[in-house]
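I am attaching a structure below and will ask some questions about it afterwards.
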């Protein structure tokens, strides 16, 4: 799975936003607002409350969206420096723009791809767009091996596994392979020193995210060039 | 995030860091102070220079992602290294980016930071902001520090004590009504508390340009840009007064309504398209007939 | 909150000759800015939106607003009042608007740290500061933090009290005081609420009625806010100090005891005959107000007398038709 | 329903009225003396009771506005008000729309700046409905507010006008407006509810919910504005009658 | 939750002063719309509308259901709207505010009650099977005039939508997949377009397509929905500054001009989209043939 197109800074009222289309046909918009006022019962004295809301394009949010919300919360909680914004709320909104109804699958085919990976990549881009303090950057990839489908989320620098969601039938070896491929897809290329990133065309989801962020930064800082 | 800027660290041996309060230093510079005396790090000089170089070669990418490790540059032991917005120090000597951007340095001040353009303002001590009075309560005004593009929802409420005006006493305090626009300095900012403001220069006891801004118009822009050069371009053809708030609000009052409108529109366009000074100059040339 | 409709902004209604139903005996008013416009002021009732005058010699007062360029227009149903050059309209019926010096009856709605909020039937609750009441242990004692902690021992939610409007806040809400033995907590009776217009401001707001048929005296406190308190007459019980000690000490003791009694929540014994008369007076007040007769000392005394007479004639009770008969007799006398 | 039934060739409507006839409008003020102000309006078979409470301390702190009073509208349809005896849900979208339309109208008509930090509650109870409920609510509320002595910029008077489209024949009229529609007409026709404030025929409220040709709307508005003026006169007449009765009683008393 | 911050006195005075002088902050004429953009999605029935910075997406979908027992010959058409926090952090999740109810009602009245969609054509087997068409409206960015943006989006999405074809053989109803049979466009009776006006202050200045800032300062508003045939579908003016009926009528005539413009714009975009699809399909076909 790759990102086909991604744009940032598209909504004026949100602090950060990103629209992402993945190769599996999912298109969605993520927006980030915050740090902002938190509802009293969700206020936490030493960290921000992370709220993720997912809205389908047809109908109202149901169990599928709730599951996605909780998966996103568990992915994003270790990434965002929530302790930098005590007693506030950071809100991530996901609006799906395509309506992929789960296709009935026979036992022989792997489960359909979920939108989790697209939603996560869009959230990360929106968070970066909003300049929310992050610990690191992560990238999510969907990998299908035989009858198993795996969503692998890794740290783009270290390749450390952040989150994995697997479905279907798969062997231990297949899972290992999925994780390995996810790592390869997600990581950005760095030189041996671990300090400086070298520009390289192509690459996986991690590279794609970096390319989008680079574009954004160059756009934002173009005013400096004229000096 | 805020606290990081106002606290200072001293790094004596490379392995241990302890926090010391250096209020004077922190007070004047919104930067994290880091002193590094480890000579072994000087070998990384080349890489740091490489990092900095592309600022002048925009085609070459040096964009840092959140989590990108940043090497400590060589420092002479006498001047402490200061870390500004976008950088986090993890003991003993790891520095990472926490938002995206290009690393920028000031060799004279020995400072490093990642500039960026944001919609939401984070209060920093000593920043001058343009804010709106919400109401008066007890001994202080409650004010909103609006961020970004107007009219955004208020997120930061701050207090402006009635006595934080030049020569103010209980009886002679300025009367500000709800909705009034005030140019104020952040006297206290901490991520745990609502910020506190003042409209008086502590050293001189005078206003120093702070206080209520009457008339004119306020335009919302993204935070993080240096508006000086652009405003100077506008000033070449139009006559207006201006106050720039770090919270992404610029107050403009032209010699007449037409001038104000012209300046406000130019600023808004400039923010929208992130124009360079050169592009602004062209636009000024093209539209100065409207004045 | 900011609003675009500024209070001072006049509505977009240019001056106009007003239409009125043809049945109105008054007919149309010609709008002229002549000096003798004074004579053209409507003499009967005016209704909202009705232009009163275009003469610039008048200043607009309560119940009116200015329609550009210079028409003073009524905003309520009521009568025109002229005070020197001030033209205002007194509404026939409205909720109570407090004025300094008004005697009002209210109910405690909220207890705060240093003050109470009192519902006096006005557009906002009135405030009663802890420093505006008589504290036990000497009338002019300074309040202490102990008093603040014990604030509920003086008045708590639901207590009724009689007080005077001491001052008005900027937004028109009242600040009360009870720093007189006339004022304070109410006991031994019942409350009747009538429209505030039914209780005019007068010199005397306490009426004592001699109860018939062996009943005790009934005291009526007419709150200007339309809250009327009807109770067994208050007797300031002066307890003789045992043994009759020296004068000075006993006076201070007396003050203390009197003010402690002021905050008691216990009703005294009220005998049945008196209760019956209290209920009768309450009925009289209600009926008078219902029939649009203002409740004043004289009217109340006559009304009560007639009610007693009617009861003696076997026409007991004041519901419906009987009440109307009573009012007719009151108006007849 | 065919056009002929709504408007016979002789120009008579279902209930025998002509196009410009209002139904009998019965107005009474101070029907419930314990409230701050009250009014009962009966227009044909539509009957609406309005009670005012306030200006008083707001029921919720959130309703307090520092520069004006808050207008709260409570609108209830009695379960027996219509032909089918059904209980309307409070969260019914249509009712909450009506409620907020009435609230916005009176927030403008009442001089709210005179009573900062307080609240005026307008309680409307639809006892019986036979068309023109919104207009009835507006008129009843105006009367009750006047009774309560709440300062207003002027009368708010509302009417409904329906549009019976023409047959579309050559040289024939485009259609006919019908004043003060009843339930049957309301269900079939495009109906405009319009309220004016003051006596200059300025429109403070206009609601049209069904399709009507643009040219017809002009005619509808003209009829509505004119009739609203007449309704205003009728209300004024009743207010004066009521006021004089009160003044007479009070005058004798003092 | 944060609510919208009122503009400061300075902003309020400046904007009003400028409006009285006939100038808007963004340089538009008083009766001009912001740049309108309309894009369609890959799937049928998705319309993405941008009106200046305001952005609304409408998605039309259909499924076969049983019709309501009291209307056996009619299909079902529903519109759902939700003002989520994505549009503005000022909107709270889950709680419907008064403004939201009014907005939802306005859209509903403009499109559904005015019978823009021929619901009778949605009937498959009377009393048993019919199409339920639903339009989901998503507000992505709130910078004023959500009603117009939403109406344009719904109307465009309805016209863009293609429902699967069905065939009836006795009792069985077959729904053909999109590839099997050419999907059927909905039968749209008329195209209503909302037209929001903002009145400002006493000397009434009428604005069309107000921005959020202008909406915050306005003293009243009127929304008129019309179709290109010159029929008024809905008028809604509740409270606010009292208007002269003649001025109101003038505004409606102005609205009619705009409605015709917007309807033509939607038609143009629909045609472009159609052409694009045909071109792509042809390309795919020829490709497939080449491969063969």
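By written order: A, B, C, D and E. Residues from 1 in each chain.
The criterion applied here is as follows: a contact is a pair of C-beta atoms (placed from the backbone, for glycine too) under 8 Å apart; a residue touches a chain by one contact, two chains touch by 3 or more.
Small disclaimer: the values here were computed from a predicted structure and weren't measured.
Counting C-beta pairs in contact across A-E and across D-E gives the higher total for D-E. A simple rule picks the central chain: find each chain's mean C-alpha point, then take the one closest to the mean of all protein C-alpha atoms, which gives E.
When you average the Cα atoms of each chain and compare centres, the chain farthest from chain C turns out to be A. Inter-chain spacing, taken between the CA centroids of chain C and chain D, is 34 Å.
For the pair chain A and chain D, the distance between mean C-alpha positions equals 55 Å. With centres taken as mean Cα positions, chain E sits 41 Å from chain B. Among the residues of chain D, those touching two or more other chains are numbered 66, 108, 197-198, 202. Of all residues in chain C, those touching 2 or more other chains are 1-2, 5, 11-13, listed in ascending order.
For chain B, residues that reach two or more other chains under the stated contact definition are 152-153, 155, 178-179. Taken in their complex, chain C has these residues touching chain D: 1, 3, 5-7, 11-14, 16, 18-21, 23-24, 44-45, 47-49, 63, 65, 73, 75-79, 91-95, 109, 117, 119, 121-125, 171-173, 193, 195, 197, 200, 288-294, 296, 299, 331. Considering their complex, residues 132, 144, 146, 150-155, 177, 179-181, 213-218, 251, 257, 260-261, 264-265, 268 of chain B touch chain E.
Within the complex, the chain B residues that touch chain A are 1, 4, 44, 47, 50-51, 55, 58, 60-63, 65-71, 88, 96, 98-102, 115-120, 148-149, 152-153, 155, 191-192, 225, 229, 274-279.
Contact residues of chain D toward chain C in the complex are 30, 33-34, 36-37, 54-57, 65-69, 108, 111, 113-118, 146-155, 197-200, 202, 229, 232-234, 236-237, 239-240, 243-250, 252-254.
Every residue of chain E that touches chain B in the complex is listed here, in rising order: 2-15, 17-18, 21, 23, 25-27, 88-90, 212-213, 216.
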